[in-house]
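Letters A, B and C mark the chains as written, and numbering starts fresh at 1 in each.
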């Protein structure tokens, strides 16, 4: 559904719901010494992608690679340094506060830490009802009914309505956060590490719930995770981020089958395998990722890359389509 | 809900006797203030020039429990009326202070930048400028009336609330729930009023319990020096000022209201300290 | 860094003064016609005209503000209409009385409170510690006018050994001194105690004791100087507030100082006097704060190098 305030052209670019163009987000960091220069932390350093309607677009990378910043930029919770975020063709980076708030009906987010995302002093039911109050949807008397309904659809019982966040389990909290996001019937849901704070046994339940809901409601997901197994299970398309840049982007199956970037290869190789008899070639990356304040010359992955050549240390490779809609930013794709 | 009930039970089991007495005293004083109309034995302004300056009944007087003043007015009735006046004025004053300070703190935290700078400079200025002097300056220029007086009392100590509220709001803004609610499309007003305020209200209430006894002292001091509550209305401070003239012969006239002030502020201070030490709001979850 | 630290503090002090003068000016203008507010009701036309020209009341507002500043800087506060004398003369008479009383009270309190606080900190949960904390709570809850009245009842009415009002002999100062002193003792001793406790728990003090330095040497040579900083702050604050603090006490004991002058002037709406006292008082506060800041800088060299101080 869309808001009345903003007329979005749903036909134009109908296949793409969210377009990100040359998005850059730098933060300035205070230096330790008093007269030191303010330094720039390049959290997101020029990324492009399109999210198609109804798909699940995954963003994967290690912590600190800029994926959470990307999530906030997509929803315009922070302003980018430059670049464009187009939602159904609408440029969102300079919205007036009232318009921005109205657009929240269309796009919602669920968070990594469900306990933190819930107000400790308000009952679960009231918190799920709150978006309806904010956007004045329906008449107040009917809102409670609607909350009970949405509670059922995320697999929670009625009596949870009057519980406080600390009185329910972690999995139930994430279901509540999900219910609160869904009650506005958004088109786009950004999931920022939605299960990484949960118990492994609960993770699968929540992931399956997300899949089910997507099927029922035709939602579009942007799914952010560091866990390639989850990404592989839920995503249609995946972008791999390293230090503020997308290094590889492809359909999920293609990415895992014809992995092109050495960094992606290393990530996939590090997935733990339940069967100990299964022998797999492990790729050990030397060193830690460099700090996004102090980036290396050339390709940002070159200092840790086992197959880096001189060219990699001089120039930064661009993200280019190598066919099959498989984009990679590497001079020696698929050689590892 | 059940947990809260247990907490209340636990609370009463842990209360030391001294704190318990103080709580009882505070409740009694509040009940007197609320029901003053029904418990005053006489009209507090009715004069009786025949029976002037009578001693309290326990000292052999026959004109009411606490005797009468130089106009023959019943001291007990005046005391009850004064408790009502002093408590009401101090209570409203404290509420104004808490509301004003909290709003200023939230505004500073929300807008940041230049707004924050200006408001915090004002806070520093208020810290440097004694409240008494400001109050006297305003009273000197504008004359005294009860509304102005209560507003003035409302200014005393606002800067403490402002600093506290600002600090708490700044950290709450980073909390997940505030970010999440903002993301739902809530207006800043809603975020502060419905979410941040309930989350920090414990600390504001503690500050309120510290401010309230101070308010009583400030009100009685100003009334004592003749610049607060004006006759025919009476406050604990103005009763003492009146009694100050009769120290040589009728010492009780100044001492009785003095004891009430002292015991009330003392009780509030020790209960406030005890509550703060035993119910650290940051642990209440 | 020294210079920037001190200059910053001085700039802040001056800025506060500007705010005070502006505040008084605004309040004065907000009353409508300052000539009517400041002069007695029976003022002659000539008086009014003189007043208007002196404060530039016939000029536009910004010029009035300028003239106001000029007069303040020249120390020209006008005349008290009750005494028909320049305000500065009256102040010269009253101020020493207040300074005398309040300085003695603070000295008295410091002499008693600091050893008391140190002793309490060194002997936690003993009688002296409980006594110190009790005094603090007592001083905090006891309105000083009530304490003053109790002392009058005991020493003047019952024992008849000390006078209850006036300032004619050394005997007159004892009761007001005790009253203010006791309130200060409460807050100073509590501050000394808590400050001392936090210093004693610092690793370097523990190391010094463990390393075999004598206990007294550690306490008086290392702990006390470090604990002094917050104590100096609180004393500095009371020094800055001596006039504010004297208002109630001078009324109780009919002590002829600035505090009492302020109360009677407010009651009689002798606004020239009120205005002068407020200015004087702001200068005292700002100067006291400045001195405390500078002392801070000298006592704790770390502060000077931190941007903006503590």
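The rule is simple: a contact is a pair of C-beta atoms (placed from the backbone, for glycine too) under 8 Å apart; a residue touches a chain by one contact, two chains touch by 3 or more.
Every value quoted in this text rests on a predicted model; they were computed, and no experiment measured them.
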| item | value |
| --- | --- |
| Pairwise touch network: line, ring, star, complete, or other | line |
| Geometric centre: closest chain by C-alpha means | B |
| Inter-chain centre distance, chain B versus chain C - centres from mean C-alpha coordinates, in Å | 24 |
| For chain A paired with chain C, centre-to-centre distance based on mean C-alpha positions, whole Å | 59 |
| Centre-to-centre distance between chain B and chain A (centres being mean Cα positions), rounded to whole Å | 51 |
| For the chain A and chain B complex, residues of the former touching the latter | 75, 77, 101-105, 108-109, 111, 113, 115-122, 130-131, 134-135, 166, 177, 180, 184 |
| Chain B partner contacts - residues on chain C that touch it in the complex | 15-16, 19-20, 24, 27-28, 30-31, 37, 137-138, 140-143, 145-146, 149-150, 152-153, 156-157, 164, 240-241, 243-244, 247-248, 251-252, 262-263, 265-267, 269, 271, 274-275, 277-278, 281-282, 285-286, 289 |
| Residue numbers on chain B that touch chain C, as the complex places them | 121, 124-125, 128-130, 132-133, 136-143, 213, 217, 220-221, 224-227, 237, 240, 243-244, 247-248, 251, 254-255, 258, 261-262, 265-266, 268-270, 273 |
| Chain B residues touching chain A - in the complex, by the definition given at the top | 175-177, 179-187, 190, 194-195, 198-199, 285 |
